[in-house]
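The letters A, B, C and D name the chains in turn, as written, and every chain counts its residues from 1.
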Amino acid sequence: MNLQFTQEEQEFQKTIRAWMRENIPEEISRISALGEMPEKSQQQQWEKRLGKQGWLAVTWPEQYGGPGWTATQRYLFDLERAMAGAPPVSPFGVAMVGPVIYTFGSAEQKERWLPGIASGETLWCQGYSEPNAGSDLASLKTRAERKRDHYLVNGQKIWTTQAHWADMMFCLVRTDPDAKKQQGISFLLIDMNTPGIEVRPIYTIDGHHHLNEVYFTDVKVPLDNLVGKEGMGWTIAKFLLTHERTTIAGVADSHYALARMKMAIDEAPYYIDKQQARRRVAELEVELMALEYTNFRTVAATDEGRPFGPESSGLKIKGTELQQKMSQAMVEMGGLMSLVWDSSSAVGNESFNHSPRRYNFLRACTIYGGSNEIQKNVLAKMLLGL
Amino acid sequence: MEFNLSDNTTMVADTARRYLKDHYGFDTYMQQLNQLNHCDPSRWELMRELGWFGLPFPESVGGYGGDLIDVAMIVREAGAVLCLDPYVDLVIGPGKLLEYLGTERALKVLQSIVDDDERVACALYDYHAGYNILKPSLSINGSKLSGRKNFVPDGGCANRVLTTAMLGDELTLVLVPLEGCEVTRYRGLDGSRLADVLFDDVVIDEEMILSRGVKVERAVSKAVAWLQALDCARMYGAASALYQRTLDYAKTRKQFGAPIGSFQVIQHYLVDMFTDLQQLESMLFMVSVKADLDDTLEREHACSATKAYYADKGVKIAQQAIQIHGGIGVTEELDIGHYFRLMTYCSLTHGHGDYHLDRIAALGEECDRG
Amino acid sequence: MNLQFTQEEQEFQKTIRAWMRENIPEEISRISALGEMPEKSQQQQWEKRLGKQGWLAVTWPEQYGGPGWTATQRYLFDLERAMAGAPPVSPFGVAMVGPVIYTFGSAEQKERWLPGIASGETLWCQGYSEPNAGSDLASLKTRAERKRDHYLVNGQKIWTTQAHWADMMFCLVRTDPDAKKQQGISFLLIDMNTPGIEVRPIYTIDGHHHLNEVYFTDVKVPLDNLVGKEGMGWTIAKFLLTHERTTIAGVADSHYALARMKMAIDEAPYYIDKQQARRRVAELEVELMALEYTNFRTVAATDEGRPFGPESSGLKIKGTELQQKMSQAMVEMGGLMSLVWDSSSAVGNESFNHSPRRYNFLRACTIYGGSNEIQKNVLAKMLLGL
Amino acid sequence: MEFNLSDNTTMVADTARRYLKDHYGFDTYMQQLNQLNHCDPSRWELMRELGWFGLPFPESVGGYGGDLIDVAMIVREAGAVLCLDPYVDLVIGPGKLLEYLGTERALKVLQSIVDDDERVACALYDYHAGYNILKPSLSINGSKLSGRKNFVPDGGCANRVLTTAMLGDELTLVLVPLEGCEVTRYRGLDGSRLADVLFDDVVIDEEMILSRGVKVERAVSKAVAWLQALDCARMYGAASALYQRTLDYAKTRKQFGAPIGSFQVIQHYLVDMFTDLQQLESMLFMVSVKADLDDTLEREHACSATKAYYADKGVKIAQQAIQIHGGIGVTEELDIGHYFRLMTYCSLTHGHGDYHLDRIAALGEECDRG
């Protein structure tokens, strides 16, 4: 049992901290300080800067462009990234389709797609959910019919985050309509500029445009864009679910949110009962600590080459619950200042003015990627044997 | 004890429901969301024709002498259809304040609100003073009013503003034309129209000072009690709509080959929403009677208890409605998320949960001493 | 809408209050002030005193010995009873078997049993649950075989509150073993002194003896002791579940618990953060108020002869949850003083010393009479149509 | 960072598990519940033979120089089998206090605890001072000790008592023979043996005063950090046992023709218990390292966070275990209810949840200033 970071790790952390301080664009950290998210151009500029430094695809093996860091280093990097006010890297390229391609893809596919992800050039989105396949993903209907030299894709995806930013989509499609539910699903890479694709925005209750509906009408996708074999889609999707668990808890960004909350309380000029507010912060701090040390155990296991233990199973549930609690606390502490929706100038403390947007946005975090109810169903079955 | 609505109140509520259903709803709401202006004049006139403007005011000013419960039933229905028109903020709020002041001048202004489309906004809050309505930051020095008010509902659409200010150590109520003030408009979380008003050495003549001292404190405290009760009425309307929509959704939305309402966990979520809703209704009835009491202790205790309870359970119902709806629940396209915004908004106006729990604790000590 | 008690009701309340002050034995109110429950002799002495006054079977029609009170009067009576520190009347006779007998019983049965209940002479217990029929009551197995002039009862009941005090038990038994689950169950009155009955104590985690197991070995029960017809047992049990709803929320006793809590805080000599404690009391007070006004609606409906509305459906769930929360708050506020289990003299404030016993005891209140989970299942089905 | 137990600690834990399983369990617990006496002398001797008495103490006093984590793993196993023997209260508590004092006299007493079956109880609390261990109500005036200590664990079974008292405004640690004191025994909520000790003008000679001032404050604060960590270790053992028993019960207990573990609501309850348990384990590892740090801020922050978290989630697990068990869960016949008592007890010793949240808030401010 050794809960200290090594001397080397601490040095590493210092290096990252210094680099972040110098390299994060001020406009981005200003946006983060309000609990908001950057625009596409800002996000991509930032990811490219990381890419140039070789720090974008940090989870990848070195042969594909990863920096060769330990899980602990990745954790420290993520922490310093968050605390410096930079947004998380978009997960679709680096965390999702990248590992799929280097694990299941052909040599050509690796060569063709991985460099663009690692450099931040190519932006990806994820085509999983459909109107009638939300929690019940295996019910998806989007059809990819195999023609002589292409797949013909027809159907609709929904809740597609950043589809309006993306160059590429990785997509679950049904290649065999006669096979049983989970079978007959394949994993396809689709160029978002292909004719027949229409992206329609969905605005979320934070007032922003993150999500989309994506319609496919006779979209031709080259056969080469199939990853793995036909029918392997479900296996690949499951692989991703259990892949990287060391940042799923959102510990780094919750630390940042907690720090913002403390600062907002300290700066609050007036009627907030500060003692009471600090007590509420203490409660959240305790929960974050429990999550963080559970997360550390997953990080340590990764560094020792051990598989994720049962301790990692609750990370997503607990992490998202905590994010929601924190954003709600921020709104409630703000009192009247949280009534503001779209003022161009600050009314009191600006972080409180923006707090409802984040609070609203985070209502989704217990829903997407498998709602917490679905997560619990799965855990009850897989882990508890119920 | 008797919880039935009088025939009169039932008629008011039924009329309101019909009228609001015809003229409001999600489409109207979405249109209004994109305007910073005041509500449609024809709808405003219709409200006057329905008698809402004079409803809770004395006959001497052209009113009908109705009760808080009458207004509460209207506001409940308004909450249920996401109505954003500023009936409460430009009629009930300033009206009750003026009525409780009761001076000739005040009643004259009230009469013009009831009859002449006079638009008076109430400026009770600023972010320094927070929920402490008896100690605003605004002050009058040497007959000049200077300072700032925030969060003034429909402050951008009114002709005049009724604002509290300190004159020495006395709370004073001043009626100021808005022309001479710097008004910054923005939207509130619920889609309503707010404004900051900057009073930059506005010269105050004796005419503009309506009253001061204990009388103002009492009028403000009583008028805010109405507003607190009406916050809850609005939240109840929203909570009720949320519950009904979510129940319907759970019965029709299928996943894994069955309606999601067939899953036990969803069933228990819905039962919790339902039983909370019943208790919210009981508290609404209670506060609709007690927020109008003269007894300060009982009035404030009732208002604080209801506001605290709504801030807790009303918000929980809205959160749960989103969770059960899943992805569609967090989109702007569906009304669910907008009810959620309304609920958060009303949980923060006129005192949030913590404020009211503290007030109850303090009132308790006062009781014990008394 | 009129939320005042009438002048008459207020007079009634004053009369009751005065009577209670004079008639409640001091030892009983002392016990209640600690959150404890009286012994059999104390309880029965108290119930007889009420009986003598005609105030024991308060929910009964006048023809059977009820005082002819309105539901509001009964509510006020219960409130004054609780606030004066008297225990609730044992429900098995007055609230349960009494109404069954005057609703379903024969003239002979009414004459034979009702007077003893209304006077507090006869103590009853309820024989429902069995080891394998808890939440799933319809699975009960205790057998009553019809012989020439008696039923022969064999089987076992469990969780039988006050069986060791009781003269009589009302009991669900299976008279037709071939009928389907809910059918074939009958409602039988059994004299606890009949040979073949063995009562074994079950101690609960408050350290007291409230519950029992009751074993029946060839117990002969007169045929006259069947209430209604054979096979009507389930109907009668369901009748009881929806019968009297005006005190099920436990509002009166929760008011008393809240008052005790406030007093304990005021008297707490020392380190308790009183402001914080009062804030916590305020939270509980608000919840109690919501419950109370919901309960008032049920009371008002009863007085107007209207059926219970949907508002009554959550009373048991909310009421028991609140009781648990209050008892937990009492323990937590007590801090070190709540560590005490069996000290004969007070260590600091005696109410806090006794608080863990009540806290422990009340863990059962969300379980008995149909666990809150079962209640929710039923509401989902019956009321929400799920 | 590295969360593996060392070979040595693993061995200690395994031995403890085996030993405790052989000698403790529900039957032993129930026997002990009916005795106000000290534990069985043969079991006590076995603990000594296992090396537990000297485990975390320096070799100079006959100890083995082990770590807090070693003791925590023993106490965790002890919690899991409802062990009531006062290993922590009569060995670790007084031992660490004496070790941290570090004077020759203190170490001599420590040595006699390790080697000679000396029984020393710690009297740190009284109900006036509450959790404020640095300002006890007991005081020494004119070389006479007078006042009362409460909640002294195993105070009825010890020869001497290490008690804090104020000498002027200095915190002082005094070692007093118990013969001359009035001792009132009672049982704690968890079944352990507590005592009130009345010091009725007990004459204190210089010999009895072990130390005073800042040194005592520091020693008390560090020793109590150990006790706080060990509270959590005990609670973890209980929580883990509760979870496992409840899971097993849910798989076997049938209602409505199916195991209750097949109902979705019960499944989610159990998943919540499981994920909480995982986080409780993480916090236990954390506090087992940090409660022994010299850095006051980090040590106290870690202890308070863990105690607060356990007071919340540990207790919730126990409540849920009872609820899932139903009727049988509230009986004395089953161990479930007794684990619940243990959990409540430990959530109140050495600071309850609110106390620790306040301390974290106060430490935070200190951090900010520093």
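In this section, contacts are C-beta pairs under 8 Å (C-beta built on N, C-alpha and C of every residue); 3 or more make two chains touch, one makes a residue touch a chain.
Predicted model only: the values in this text are computed from it and were never measured.
Novice: When you check each chain against chain B and chain C, which touch both of them?
Specialist: Common neighbours, chain B/chain C: D.
Novice: Based on the averaged CA atom positions, which chain is farthest from chain A?
Specialist: Of all chains, C has its centre farthest from that of chain A.
Novice: I'd like the Å distance between the centres of chain B and chain D, where a centre is the mean of that chain's Cα atoms.
Specialist: The computed centroid separation for chain B versus chain D comes out at 52 Å.
Novice: Between chain A and chain D, what is the gap in Å from one C-alpha centre to the other?
Specialist: Centres of chain A and chain D (C-alpha means) sit 42 Å apart.
Novice: By the touch rule stated above, which residues of chain B touch at least two different other chains?
Specialist: Answer for chain B, listing residues that touch two or more other chains: 263-266, 268, 358.
Novice: Going through chain C residue by residue, note those that touch at least 2 other chains and give them in order.
Specialist: Within chain C, residues 373 contact more than one other chain.
Novice: Just say which it is for the chain contacts: an open line, a closed ring, a star, complete, or other.
Specialist: Contact pattern: none of line, ring, star or complete.
Novice: Pairs of chains that touch, anyone?
Specialist: A-B, A-D, B-C, B-D, C-D
Novice: What residues on chain D touch chain A, complex-wise?
Specialist: 1-6, 9, 69, 247, 250-251, 261-262, 264, 266-268, 270-272, 274-276, 278-283, 285-286, 288-290, 305, 308-309, 313, 357-358, 360-361, 364-365, 368
Novice: If we count contacts the way the header does, which residues on chain B are in touch with chain D in the complex?
Specialist: Residues 263-265, 268 of chain B touch chain D in their complex.
Novice: Where on chain B is chain A touching in the complex?
Specialist: Listed in rising order, the residues of chain B that touch chain A are 125, 127-132, 150-151, 184, 186-191, 194, 196, 254-257, 263, 265-266, 319, 322-323, 326-327, 329-333, 337-338, 340-341, 344-345, 347-349, 352-355, 358.
Novice: Tell me, which parts of chain A touch chain B in their complex?
Specialist: It is residues 129, 132, 134-136, 139, 158-159, 202-205, 207, 211, 269-273, 276, 331-332, 334-345, 347-348, 356, 359-361, 363-364, 366-368, 371, 373, 376 of chain A that touch chain B.
Novice: Could you list, by residue number, the parts of chain A that touch chain D in their complex?
Specialist: The contact residues of chain A facing chain D are 1-5, 72, 262, 266, 275, 278-279, 281-283, 285-287, 289-291, 293-294, 296-297, 299-300, 304, 310-311, 313-314, 317-318, 373, 376-377, 379-380, 383-386.
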